[in-house]
Every structure is written in C-alpha cells, then in structure tokens.
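Per-chain numbering from 1; labels A, B, C and D assigned in written order.
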Amino acid sequence: MPTVEVSFTALPSHVRTARLIALAVARRAGVDEQFLDEVRLAVGEACSRAVNVHQGTGLDAPIVMSLSDEQDRFSVEVTDRGPLEGAASAPDLDDLDAQALTAEAESDSEPMPDLLPPGFGLAVISGLVEDVAVTSDTTGTSVRMTWPATDVMAPDGR
Amino acid sequence: MPTVEVSFTALPSHVRTARLIALAVARRAGVDEQFLDEVRLAVGEACSRAVNVHQGTGLDAPIVMSLSDEQDRFSVEVTDRGPLEGAASAPDLDDLDAQALTAEAESDSEPMPDLLPPGFGLAVISGLVEDVAVTSDTTGTSVRMTWPATDVMAPDGR
Amino acid sequence: MDLSLSTRTEGDRTVVTVGGEIDVYTAPKLREQLIDLVSGGNYHLVVDMESVDFLDSTGLGVLVGGLKRVRAHEGSLRLVCTQERILKIFRITGLTKVFPIHATVDEALAATD
Amino acid sequence: MDLSLSTRTEGDRTVVTVGGEIDVYTAPKLREQLIDLVSGGNYHLVVDMESVDFLDSTGLGVLVGGLKRVRAHEGSLRLVCTQERILKIFRITGLTKVFPIHATVDEALAATD
C-alpha cells in the first residue's frame, strides 16, 4: 500500500504542517513544478475546511490526510468526521462577487464580515484542481485530489 | 495536543518519505540548521530499524512517527510493534571496526556480508543524538529523539 | 513562514504591507490589524501583497471583511499584487471584480475611481 | 533524490562514482553494483562519495560488505569523501579505522598502502 497517512487534531497550526508535508511529498513524488502551488493551496483549503468542520461541531477526532503515490498519479485525500456542507449552500463561484457586494450593504449589522459562505473552500478546490472527488456519508466527509506525477519513487524504479 | 502523527506500512520507500517529512517539519518548527542533518539521519535510522523489525517478523501493522513541537523542544518518536534488539546483541561502537575486520576473514562463507549487527542503527542514533529515549514492552518499541527548537509555531506566537 | 505586517500613512491613505502566508493560522492577525485601522478612522487602505507567498480562502475572507468594513464608512480597500499565483485565487473566485488590484503601491495611492 | 551510479576503469582500479542518497531504499542498488564489479574481477575499487548527500547505516553496511568482498580477493576498497556530514557517520561508527578515506580520486588512485 503506497500510502502514508498523516493525522492531526483540528488546529489551524496543523493545517500549515499538513500543507508543508503534502508539498514536500508531492515534490518528491515527481509532481510537476507547475502543479505544486495548486497542491499547496488545494491541500490547505481541504485541511482548513476539515479543521473548521471539527471545530464547528466540537469533534475531537483527528483529521486524516492520506498521501498516495501510485503509478503516474499523486493523490491527497483529506478526511474528517463531520458533515458535508449542504449542496444548497454551496456557492456559485460566479456569484461570489455579487454576494460579497450584497453582504457589504449590511456590514454594520454583521458580526463577522470575514466569514465567506460555507462551501467556499470546496468551491475554490473545484475551481483549482481538475481531478477532485468529494464523498460524504454518516461517518464523515472526504476530499480526494489527484495530480499527474512522474513516478520517481516506484519500488521497481531503481 | 501539538502532535502530528505519520503512519506508513513497513516499506523502504516510506522511510524516505518519513525522513523528508520529519526534516521539513523540524525546519518549520525552528530546529536550528546545525541539527537538521542530525534529524534527517537519526529519523532515517529509527524508521529503517522499525521497517526492518516489521519486515523481519512479518508484521503488517504500520510504523508510526509522531512529531511534537512543544515549547522549545522538537521531538520525533518512531514506534513499531516489534521487539527491541536484545541488549546482549547491541554492539559497542568502539568495537565495530574490530567486528568488521573479524567478519572479513569469513567473508566467503558469509551469504550477506552487508548486514551490520542488530542494534547498529540504534547505536548510530545514540552516538548522534544527545537526547534519546528507547522504550520497549510487549506492544512494541519506541525511539524518541528530542532537539532544541525556537518555537516559531507556538499558537500564542502570533 | 509566518505573517509579517507593517503599516504607514500616505496622505489620507494607509498602506498595509503584508508578507508571508495568509491562511487559517495567520488570518486572525491580519483581521485584527484591519479592524484596528478602521476603528482608528483609517478608511482608505492599500494592502500591498507583493511579499505574500501564500493566500487561501480564509485570507480572502479577511480581505472581503476589510472591504466591507471600509465601505461602511465610504472608504476603499485597494490591493497591490502582480504575482500570478496570488492573482489566480482572486480570479477563480471572481473577487477580481470586487477588489481594485494595482501593479504598484504608487498606482494604488494615485487611484481615485 | 535517487541514487546515481557510474563506473570507469583507471589502470587496475575501478572508480565508482555515487551520487544522491544511500539508504535502506537505494542501498540494494549499490550492493548489486559492487557485487557485479567483484564478480567481474574488479578487486580494486575507489568509491567516490563526493556527490552523496545522504548515507545511513544501511549504506555503511553495503560499503562494509563491499570491503569484505574485495578483501576476500586481496583487493581494496577506498573511499573519496571530504564532506563533513558524511564523514561524521564513519567517525561515530569507528569505520574511519576500517576504510582508507581520501580527499580526491587521484589521491585514492595513487595510494598503495
């Protein structure tokens, strides 16, 4: 099983560590330089989202990030124990600017104008990464992102 | 709990990934440049040893590497599910050259002259790292190594 | 890399120079800075992002929050950014239509649209 | 970084130039190379480690194995290494007393002790 699993409690500082780890392993797995920024940003979004879900629902369980390096693909799967944002609330990216402007009218009454709509992180991931799969059931939600890689680490590659 | 856990099946290629991860996180945790080579080598030795133990005893369980960044210390603990090499077989480092030379006399009859004595990896770690603790019980063995760090990632450091 | 922040006044505008990573871990620090500025009566902000090397949606949220706060006082929030990898996230989220984005601090200071 | 290996002949000696990381993952490749050379009758080896950036005890084991193999044929195995971080592991394991370690390939080729 060519998978390494990283698990961490739902803290913002661990998101940075997870991002750093994913970036280092992606580079080592032969993911092309042109995709590394994408890996860094998308993994960060997926982990931030998971941390927010756990913190928001008071879940103590760890977030799990699995890194797989198979053949010519490098995948990162981030799994939490919480629910997926309802499809109803998933924002239309084309609409975000409109939403931002609308919200502004009521900004004085809004206690947290910094909060973007739920599902924003997932929308960014979808806008960024070509190969994304989001699955969710009663045990939790998982976001799996895949990038092309030259398999420099293949066991038969020596 | 400021700990990130990395788990991986007992394969040599994962030792490299674990080493890369430990190095990246150590650097991020503020471990001084002068210790980074030591972290890289010692973590590699600890993981190689654990992989050998699992492979040698046919254990399927993953190896677990825990990274903790607490106050001014950075610790890496590598845990396996196997036994510790008997103290009787632990080599005296000063003696290794003698052992190497002795073994050479019988090298033609030796099928694997590349194998260093069991406990060699642990001996290297002890020779290298100032703060090491090895514990072992019926559930497995763990090697914990600690280095000084400036706590750049402290949650209250922002 | 942690977040670095510094501010200076240029006429009626305040330039906030941000460096490092703006993410779920550091965004609260930037958020506080923007709130402090607005509370102190600084309603025309120029956020210089040329030294930012990472920005995620939490960071975007804080910038949108800052924009809402200054607009509540008829103010402005302009960004300075030429880095393609940072611009990309504004583009895919459609926020290029919300923020005036300038190539230099001078251009942002001179802008009046 | 993976292991790189190349060999060339200089008189009665064979120079093996090694680069990258010698560890539990790549050591088998170096081991095969040394076994092949000895099987092919090359008993005087110079292993140039100047481009090695990582060496662990598995790698040391392979070098010790190579030394045993050539000595079984009255041969020699000399190392070329000036990098402090690589030398350190030879020193803490006492293997500096087992391997002749030279500063340059030329010095290793000229050595006859």
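Please note the rule applied: contacts are C-beta pairs under 8 Å (C-beta built on N, C-alpha and C of every residue); 3 or more make two chains touch, one makes a residue touch a chain.
Just so it is clear, the model here is predicted, and its values are computed rather than measured.
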Contact-graph separation of chain A and chain C, given in steps at minimum: 1
Farthest chain relative to chain A (centres taken as mean CA coordinates): D
Euclidean distance of C-alpha centroids - chain A vs chain B, Å: 31
Chain B and chain D: spacing of chain centres that average the CA atoms, whole Å: 24
Approximate Å spacing (C-alpha centroids) for the pair chain B, chain C: 45
Chain centre separation (chain C, chain D; CA means) in Å: 56
Residues of chain C whose C-beta touches two or more other chains: 25
Overlap residues in chain B, where contacts from two or more other chains coincide: 12-13, 16
For the chain B and chain A complex, residues of the former touching the latter: 1-9, 11-14, 16-18, 20-21, 24-25, 28, 62, 67, 153, 155
Chain C residues touching chain A - in the complex, by the definition given at the top: 21, 23-25, 27, 31, 54, 56-58, 60-62, 64-69, 71-72, 85, 89, 92-95, 97-98
For the chain A and chain C complex, residues of the former touching the latter: 12-13, 15-16, 19, 37, 40-41, 44-45, 48, 51-52, 93-97, 100-101, 103-104, 107-108, 110, 112-116, 120-121, 123-124, 127-128
